[in-house]
Amino acid sequence: MVTVTVWNEYRHEKESEEVADVYPDGIHEVIADGLRDAGYEVNTATLDEPEHGLTEAVLDETDVLTWWGHKAHDEVSDEIAARVVERVRDGMGLLVLHSGHYSKPFKRLMGTSCSLKWREAGEKERVWTVEPSHPITDGLPESFEVPRAEMYGEHFDIPAPDELVFTSWFEGGEVFRSGCCYTRGKGRIFYFRPGHETYPIYEQDEIRTVLDNAVEWAAPGDGPDPFYGNADPLEDLD
Amino acid sequence: MVTVTVWNEYRHEKESEEVADVYPDGIHEVIADGLRDAGYEVNTATLDEPEHGLTEAVLDETDVLTWWGHKAHDEVSDEIAARVVERVRDGMGLLVLHSGHYSKPFKRLMGTSCSLKWREAGEKERVWTVEPSHPITDGLPESFEVPRAEMYGEHFDIPAPDELVFTSWFEGGEVFRSGCCYTRGKGRIFYFRPGHETYPIYEQDEIRTVLDNAVEWAAPGDGPDPFYGNADPLEDLD
Amino acid sequence: MVTVTVWNEYRHEKESEEVADVYPDGIHEVIADGLRDAGYEVNTATLDEPEHGLTEAVLDETDVLTWWGHKAHDEVSDEIAARVVERVRDGMGLLVLHSGHYSKPFKRLMGTSCSLKWREAGEKERVWTVEPSHPITDGLPESFEVPRAEMYGEHFDIPAPDELVFTSWFEGGEVFRSGCCYTRGKGRIFYFRPGHETYPIYEQDEIRTVLDNAVEWAAPGDGPDPFYGNADPLEDLD
Amino acid sequence: MVTVTVWNEYRHEKESEEVADVYPDGIHEVIADGLRDAGYEVNTATLDEPEHGLTEAVLDETDVLTWWGHKAHDEVSDEIAARVVERVRDGMGLLVLHSGHYSKPFKRLMGTSCSLKWREAGEKERVWTVEPSHPITDGLPESFEVPRAEMYGEHFDIPAPDELVFTSWFEGGEVFRSGCCYTRGKGRIFYFRPGHETYPIYEQDEIRTVLDNAVEWAAPGDGPDPFYGNADPLEDLD
């Protein structure tokens, strides 16, 4: 069975009544509930726990890590960020959600600034599938609306995705590559744009379906562990 | 359960004693046996059957089609080739094996000449994994040898693969992109180089593992069926 | 100097007063004028000329071919379509414009249906650059508007582009991958969405800049001509 | 005119007689000579200069930076490495040569370990073109030999290249993706494998041709400078 650790910064919910109204137990609990309903083994971890809840022991048991952070990216220690990056390279799946685009692990894995345009106006987003053959689209309609969303707009400063699954339309006139797949080492990474602390986006059916599918897609496989370093020849040299 | 149709030209085996010694019941039976052992529902079809064994009814029941052809590509009717192409676009998986690079369905799906260098000298091939995160590499070592192989060498005139999984080394000095993933419409395509009529390559464990994994990877998903054509606006137009 | 052949179906202009008002000498002349201003050597060719104006002699002198067609794709002979495809594989650049997505050469080079959503409502399109490092974006703003456009919407049934340069936003709620780069054989292909027979889109500055840049990008290089066929070993075989 | 800064660690040459025999003035001077012959404006910079010779003023004048390092990657300061990364994202081209795969700038731009197999046995390498449409292959044969090379073998732990231009064959039985193109922000990056401190590889004609072409390919363009941050809507919001 695939084991998921749902990580959340978990600050907005404790500091803002508006956010607490939407996510009273924290965004992580809503995401975790959705994944539990899909049959995954799910644990949660948050910034203010020791080692941000991401001890070696926790990561040993984690197949896929989901990451939500926004206002405290800098408080994630370099050591834990490096630990997450290392785990991804070793095969752990990583789902980076919404404002997690600016998190330390994602920026280090991408090698770019991960900058974008943004606007908080509660506008409409429409998410279009551009790769209907991709397993992350299983069970989805070809497009769906997020009624009230924070806008993220291009240019999104990321490496060209290995697979571009979704592109968003925004009421205010922007577009955004909102579902992006990457491989780094043996690990698979999926960035998914929708999701905000003041809108109940993680309770929306289509969003839950995407996260369910993405966990399955990102779960570690059983490919070879390459040898790196000084290697003897496999053929006779002249 | 995933249903596979193993298609074979099935001419060499009937015309050459050397080939019949290696594949007495046809290459398709050896491939089919391997896939049955992996738990798939497997049927076979061959060129000289009516409609080449690929009737609409057969394809209705086919999740993944594997294709082996070599000396009679031109005898595949344009109609059946078009039918296969259409099915792939609609979601059927396609595994194109070895000399199938020159088959009508593959060339039409690629849009290139699919030309390459070749040599029959029974030389050694070593298949290297270049994408160990890919599910088609599950259970494989990071490289494996095919003791006696027909050489295929670059330049291989294909579109740049969506995912390059394997690259082969040849004793005679060539390299080859030997495991290539593509998406066309809703269908997934995997080209796999090893396999020849005069060598028992399809009985080799690593080759069987690749084919088992590739069938699972290429099996149709449940993504959206996009609407194409004249579309009403989803938003009010000024 | 790069030589461009601007091909146009050239039927709408002769049959519709509305179109003739916008493009009195044909769409090809407006496109050709823009490219001439950029310093290219430019000729034109149209459907109703012998061999559709695309004789072997013409193509011998063509570095980059631009293609505009809409209502008469089926009247392009299979032979000439095959000739164009062959030339692209041999290194000729190809710019496929707007409704050319359904042309024979483009469909054969892509291997997909090239289907899409469409709507003629004179709505606003905004073209966003998603790859500002790409030479086709030289001199452009990060987005620009096409005031009145035919809508093309996803899903666009194409292979995932080798490079995705532009994505369009439409007033009616759709998005579209509107600038797509491909390589087929030695030839480079650029699909560019904007452009319609009833709007003066090819007179718009940003559109002209894109076409100028795309011609330069698609012009043939001087890479190796690979040998295909039976090859002697480069190393001693055991 | 394109201005190139050729950076070299420049330690082997001062510490090893064997290396000094091959590159008496340093590897950088041989690389620089080749690029000067191609008509570029070329300067050099080395590790032991103040700020490693990569001051803001020097980088202001640099269109393309080439990077050769091997034994002292750790002595490159984090600050200068970050400065180089930032410049690449802002559009400066970067050519990473041979053992530069383990340099700080390259690892940060890739987000992976950049590990590989290696062996110093003076064996033969054969570099094959796998993308003959790419401008970096202009003027090259479809393959060429490096008579005596250090072996680098797969798995090379890099993100899948945006464009894979070359793949190497090694006498000892390995293959390697030896010419890899990437985009990060507005900058273009080319990794090129051949080149070693004890072999006169940078004096070989084909190698010089590759570097000349790669500089031209990586030189900054004139694409848009995207705005990042809080953006006003371009359309009226309901």
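Going in written order, the chains are labelled A, B, C and D, and every chain counts its residues from 1.
FYI, a contact is a pair of C-beta atoms (placed from the backbone, for glycine too) under 8 Å apart; a residue touches a chain by one contact, two chains touch by 3 or more.
Fair warning: this is a prediction, and the values are worked out from it, not measured in the lab.
Common neighbours of chain C and chain D, by the contact definition above: A, B.
At the interface between chain B and chain C, over half of the residue numbers involved are used by both copies, so each side presents largely the same positions. In the CA-based superposition of chain B onto chain D, the rotation angle is 180 degrees, rounded to steps of 5.
Taking A-B and A-D together, the chain pair joined by more C-beta contacts is A-D.
The mean-CA centres of chain B and chain D are about 36 angstrom from one another, to the nearest whole unit. The distance from the centre of chain A to the centre of chain D, each centre being the mean of the chain's C-alpha atoms, comes to 31 Å.
Residue positions of chain A touching 2 or more other chains: 126, 129, 131-132, 142-143, 153-155, 160, 162-163, 171, 173-174, 183, 185, 224, 226-227, 234-235.
Taken pairwise by the contact criterion, the protein chains are fully connected, each one touching every other. Chain contact summary for the complex, chain D toward chain B: residues 126, 128-132, 142-143, 153-156, 160, 163-164, 167-170, 173-175, 177.
Of all the residues in chain A, the ones that touch chain D in their complex are 85, 89, 108-113, 115-119, 121, 123-124, 151, 153-155, 157, 159-160, 162, 171-174, 182-185, 224, 226-235, 237-238. Of all residues in chain D, those touching chain C in their complex are 91, 126, 129, 131-135, 137-143, 162-163, 171, 183, 185-188, 221-227, 234-235.
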